[in-house]
Amino acid sequence: MLFQVNEIMLNKERNVKLTTMLQSVSEDLGKIKKRPAVLIFPGGAYAVCSDREAEVVAYPYLQAGFQAFVLRYSVGEYKAWPNPMEDYEQTMELIKEKEDEWNVITDKIAVIGFSAGGHLAATAATCAKTRPNAAIIGYGALTQEIVDFCGPNMPYPVDCVDADTCPCFLFAARDDSAVPVYNTIDFERALYNYSISFEAHIYAYGEHGFSTGESNMAITDMCSRVPHWVKDSIDWLYDVFGTWNTEGLNKPKCSAKLDGNAEEFLSLDCTIDYLRKQGKAAHQVLSGAFAAVEAVARERFGNEESGKLVLAALKNMNFRNLLILIGQPEESIAAIDAALCKIPNEKMKT
Amino acid sequence: MLFQVNEIMLNKERNVKLTTMLQSVSEDLGKIKKRPAVLIFPGGAYAVCSDREAEVVAYPYLQAGFQAFVLRYSVGEYKAWPNPMEDYEQTMELIKEKEDEWNVITDKIAVIGFSAGGHLAATAATCAKTRPNAAIIGYGALTQEIVDFCGPNMPYPVDCVDADTCPCFLFAARDDSAVPVYNTIDFERALYNYSISFEAHIYAYGEHGFSTGESNMAITDMCSRVPHWVKDSIDWLYDVFGTWNTEGLNKPKCSAKLDGNAEEFLSLDCTIDYLRKQGKAAHQVLSGAFAAVEAVARERFGNEESGKLVLAALKNMNFRNLLILIGQPEESIAAIDAALCKIPNEKMKT
Amino acid sequence: MLFQVNEIMLNKERNVKLTTMLQSVSEDLGKIKKRPAVLIFPGGAYAVCSDREAEVVAYPYLQAGFQAFVLRYSVGEYKAWPNPMEDYEQTMELIKEKEDEWNVITDKIAVIGFSAGGHLAATAATCAKTRPNAAIIGYGALTQEIVDFCGPNMPYPVDCVDADTCPCFLFAARDDSAVPVYNTIDFERALYNYSISFEAHIYAYGEHGFSTGESNMAITDMCSRVPHWVKDSIDWLYDVFGTWNTEGLNKPKCSAKLDGNAEEFLSLDCTIDYLRKQGKAAHQVLSGAFAAVEAVARERFGNEESGKLVLAALKNMNFRNLLILIGQPEESIAAIDAALCKIPNEKMKT
Amino acid sequence: MLFQVNEIMLNKERNVKLTTMLQSVSEDLGKIKKRPAVLIFPGGAYAVCSDREAEVVAYPYLQAGFQAFVLRYSVGEYKAWPNPMEDYEQTMELIKEKEDEWNVITDKIAVIGFSAGGHLAATAATCAKTRPNAAIIGYGALTQEIVDFCGPNMPYPVDCVDADTCPCFLFAARDDSAVPVYNTIDFERALYNYSISFEAHIYAYGEHGFSTGESNMAITDMCSRVPHWVKDSIDWLYDVFGTWNTEGLNKPKCSAKLDGNAEEFLSLDCTIDYLRKQGKAAHQVLSGAFAAVEAVARERFGNEESGKLVLAALKNMNFRNLLILIGQPEESIAAIDAALCKIPNEKMKT
């Protein structure tokens, strides 16, 4: 069979089940054998796993060429943390173990979660042992008050974001009265703070639990933009994982990180402010460059303060971009970068 | 399991298989129990059934809430007509038999066929014993030369269109070098001649065999509009079958026929020309109306010939629309219609 | 002429110009006479008004039926605050004065601003004397560091949001290296804090200054979603202003505020937390309702703390929605609302 | 002014007016100076020029970067043929004369016509002295009965299609009761017969006169696909004219003709059937190739007749494509092509 759907009991005691929705290899479908995959977590306040956000979510990703999985994780009497997270880790292990049988590219796995499932997806993205490679989070429970409402001892994703967090795609409705939209906004801010790549869509209205936004499942009044998240998230996954065709995979267009602040060694891909806070070695390499920036700013804006204002305004810009902007010669930029690359990064909170 | 995929051997000797892709009932998904369905016929020149146009086509319709079936009909050494048509008829019987188990609304079944599969879909739509309720036909083999190339004794769909043909959605690429696009054009004309409702999209380029037009399956150069047929065909099915939501089904927005020419009795929904060619009884009822039209035309366009020109130009318009257009009073229109409805339709070729 | 474009010199000394792009009344276009309007502020760091974000932005809104204006406000040597704001106020006065000649519905005017023009739009939305009725803000300079970079003494929109702020539509690219995307994120949070309705789209990449995202103007690498903001903003304006057709205007689908916290008198449309912080009179009216919520929570979640957790988690929900959620009878809800509506609102910061 | 709208009286006696809607050159908009253009013909049965299909149609093309013109041609008492055609020719001359002032690329001009204006656009495309470079034709009056209804002595576009006809984009609604949809279908067939490139969209319902399909102008019930023609026609123009950006123009993706049948000399780009009907010289060059095709067909399909069937089925395919399909070596294909290119084309009706 070209397409097979099966249910695997992952944990009988806690009734944890994995639905596998797998596309087989076929000569008619070209040279592609293994495929990127999505792993879906339904919502339901950790009380249930709603069928509204399960297999129905998989279809568009299957159409787009992905393999798909739905995890019905520990809920209700079994929801005690870290049970759901263990279910996720167990699933990832299983997928990696079966990569040849299931035809999955195991470093291109995206989690997709809704509401409480969005909490699980965000937790996987920010503090799992085995991180996913991308996370799509719909009206997720991401901040303290809402997470506490789901159950005790659960991590607050908004506080767990770190430099290893994978790229995220966020969506929610402004008028969500179950999980207030500041959950999504504050998570955007946390991702920004750690230079993580993301995309976010907050729709004017659509309330909570709209799933794919398909009209046949509608329970709330949704603005016309709500269903767009599905195709947008697929195009975003293509940006992050790369597209593929019958000949093979292409390179991603969108890198996971916005700068080099989290790397082992410094570089001009680090942000201006981050480089300023480094030690003596970095200062020596960069002093000329900083002076050049200030000179250009003074000249262009005509007063002594301009240099500082520019550096404050653009503090989150990569230093490389700034040097290009002010017209520094290519060789000079390359030389500074080479020097920085020898200096170990004194990792700091931003 | 909420979603189940199975393969049924319909005819072991001829290797005919039906893949069933069925969504179960769930409280979470609302009151909807039975669903409209699509039945997919892959292409392959009746030599093979291509995996490119099989399960991958089902996913977007599943997302839109339909049940889905893929029929791998008789091909290769078993392609002799009417084998493939028998496979279709057998499938329809089986679906109707299992409607309660499979949760299918059996008078809302659309066939979807590509290339040779488009031939089978069009044949089902125009001359099967059990007709489908809608047909989606992609780069279909619909005219003599191309059909003859597929095999002997196969019907030419373009010549089989009749008043009972179901609404059709057609698509193809202008530069198709395997099945020239006049196949689709001539089928449009045949549907027009029989007052059948249809929608048709001919894309500037995309060649033959683009399937859903998903980039990961692309083998030809496609213009940006090609993949639109998928969503457009779904919105069209909603128009023809009616949308549904968690509360139940809504009424269709688009009727299957453009006029009343194929009904048992006459009415003002018949076209002008059709009514003119009817016998004495119809003439007596309509003579006043024809005179009124001519009088209005003379007055508006100022010469004796205008009446005839108007009636020639609008010969395919419903007479009702014309009477509304020239401002006849409602009661008068109702009276004419009531009189016509008693006169048996002398069925004629248009 | 059905469509006229003119340039009006608003302030010769400061070279402030208003381009009017006005659709005339025509019988062919139905009963619509006056139309909603958009007022566009190009970007350019208050140094220039860029042609990239001027008339080209108006076309899609004209197509959608709006009147359009482009304001080239005080920049360069004339940028000193409040000059640009005065230009805006002068424009609004002029439009209101000419509403009959220009066929503008003067309580349906949206400002659209980019970058520094986004600063002006956001300032108009949050602290102008005459507020617009909606604001569309693209990669806007909205926070202190970036605003200071544009010039001294300019207000920081993110700090000016108040309960009278109009609904906002925000968009930006994650990788914007000129105006970091936290400007947009922090403005979303401020709008949330004041219960203002908004929609927001942050695209994975597109850098700064992409304007409408039309390919013929592209200067940066943009992800495929970037150009969507144009149509999305139009559909959002239809939600906020109401659609119209040849027969007249329809009611808006999306209200400007999410709750009643900013009204003169209390009501059940106020949020739970807001009502809790009101005085004795409100407490007396609501004590029974609070007890009912806690009882339901205890029963459903089974421990003493549940009531508090629910009320904390849902503190931003309208109390009306919560009472519906826990199944309070309609009459009881109406009675509580009627009692609250007599109690003056002790306006508080949220 | 960056964007200027003016009205030019082309013929005072007949009240013929040209509205020019012109985008100026600006450094902010990149190196692009001259632009492709659209020339719009409103409908109105040659009795009037409707404002519904005039300036409102121009906006999306302006947004897409085109220059735009609206021609209010001779109608009513001045409609006598060839007055409207003369108005068109006069306009084209004027545009070519003013190409530097108006910044128009004069070999990238598309006409856009609706209903009677569609008749004028199709007549320009098929029999004008100065042909446009592309034609977009909406619910056009293209066949005898409907054209006769508009006025005497007007050409029937469906009969005028020739090998020099420009690429066409057609759209109409299936339920059009004013201009029956066979007008569009029969025009598609005529374009096919002359190997002209085209794209065509027939929507299930939308009646006559829907213009851009914008909701604010709706007078009829339109299916959701109707408004798509606007963006689709722009993307098609980009395919036919080439896209452009701030750096300059790119090459078109879609050629105007499907084969080489209308060229001075023969080539392998001619269709199979066309080459078969040529004289002795061509036969000599091609005899080996024909034999190769028949041999491959016999081998693959296993009987004597296969060769003929294949050649009949694929008679409209370019011979080059067929030779590639059957695996002929590149040098052999090049040699045949070189020999054919020396043989004058005996031009024949297809």
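Each chain carries a letter (A, B, C and D) given by its place in the written order, and its residues are counted from 1.
The rule is short, and it goes like this: contacts are C-beta pairs under 8 Å (C-beta built on N, C-alpha and C of every residue); 3 or more make two chains touch, one makes a residue touch a chain.
None of the values given here were measured: they were computed from a predicted structure.
Asker: State which chains count as neighbours of chain C and simultaneously of chain D.
Answerer: none
Asker: Based only on mean CA positions, could you tell me how far chain B sits from chain C in angstrom?
Answerer: That gives a centre separation of 46 Å.
Asker: Suppose each chain is reduced to the average of its Cα coordinates; what separation in Å results between chain A and chain C?
Answerer: 28
Asker: So which bits of chain B are touching at least two other chains?
Answerer: Within chain B, no residue contacts more than one other chain.
Asker: Sort out which chains touch which and give me every pair.
Answerer: In this structure, the chains touch in these pairs: A-B, A-C, B-D, C-D.
Asker: Please name which positions on chain C make contact with chain A in the complex.
Answerer: 145-146, 148-149, 167, 174-175, 177-178, 180-182, 185-186, 188-189, 192, 197-205, 221, 223-225, 228, 232, 235-236, 239-240, 253-254, 258, 309-310, 312-318, 321
Asker: Which bits of chain D are touching chain C when the two form their complex?
Answerer: Against chain C, the touching part of chain D is residues 1-5, 7, 19, 21, 23, 26-30, 32, 50-52, 54-56, 59-60, 62-65, 212, 214-219, 238, 243-246.
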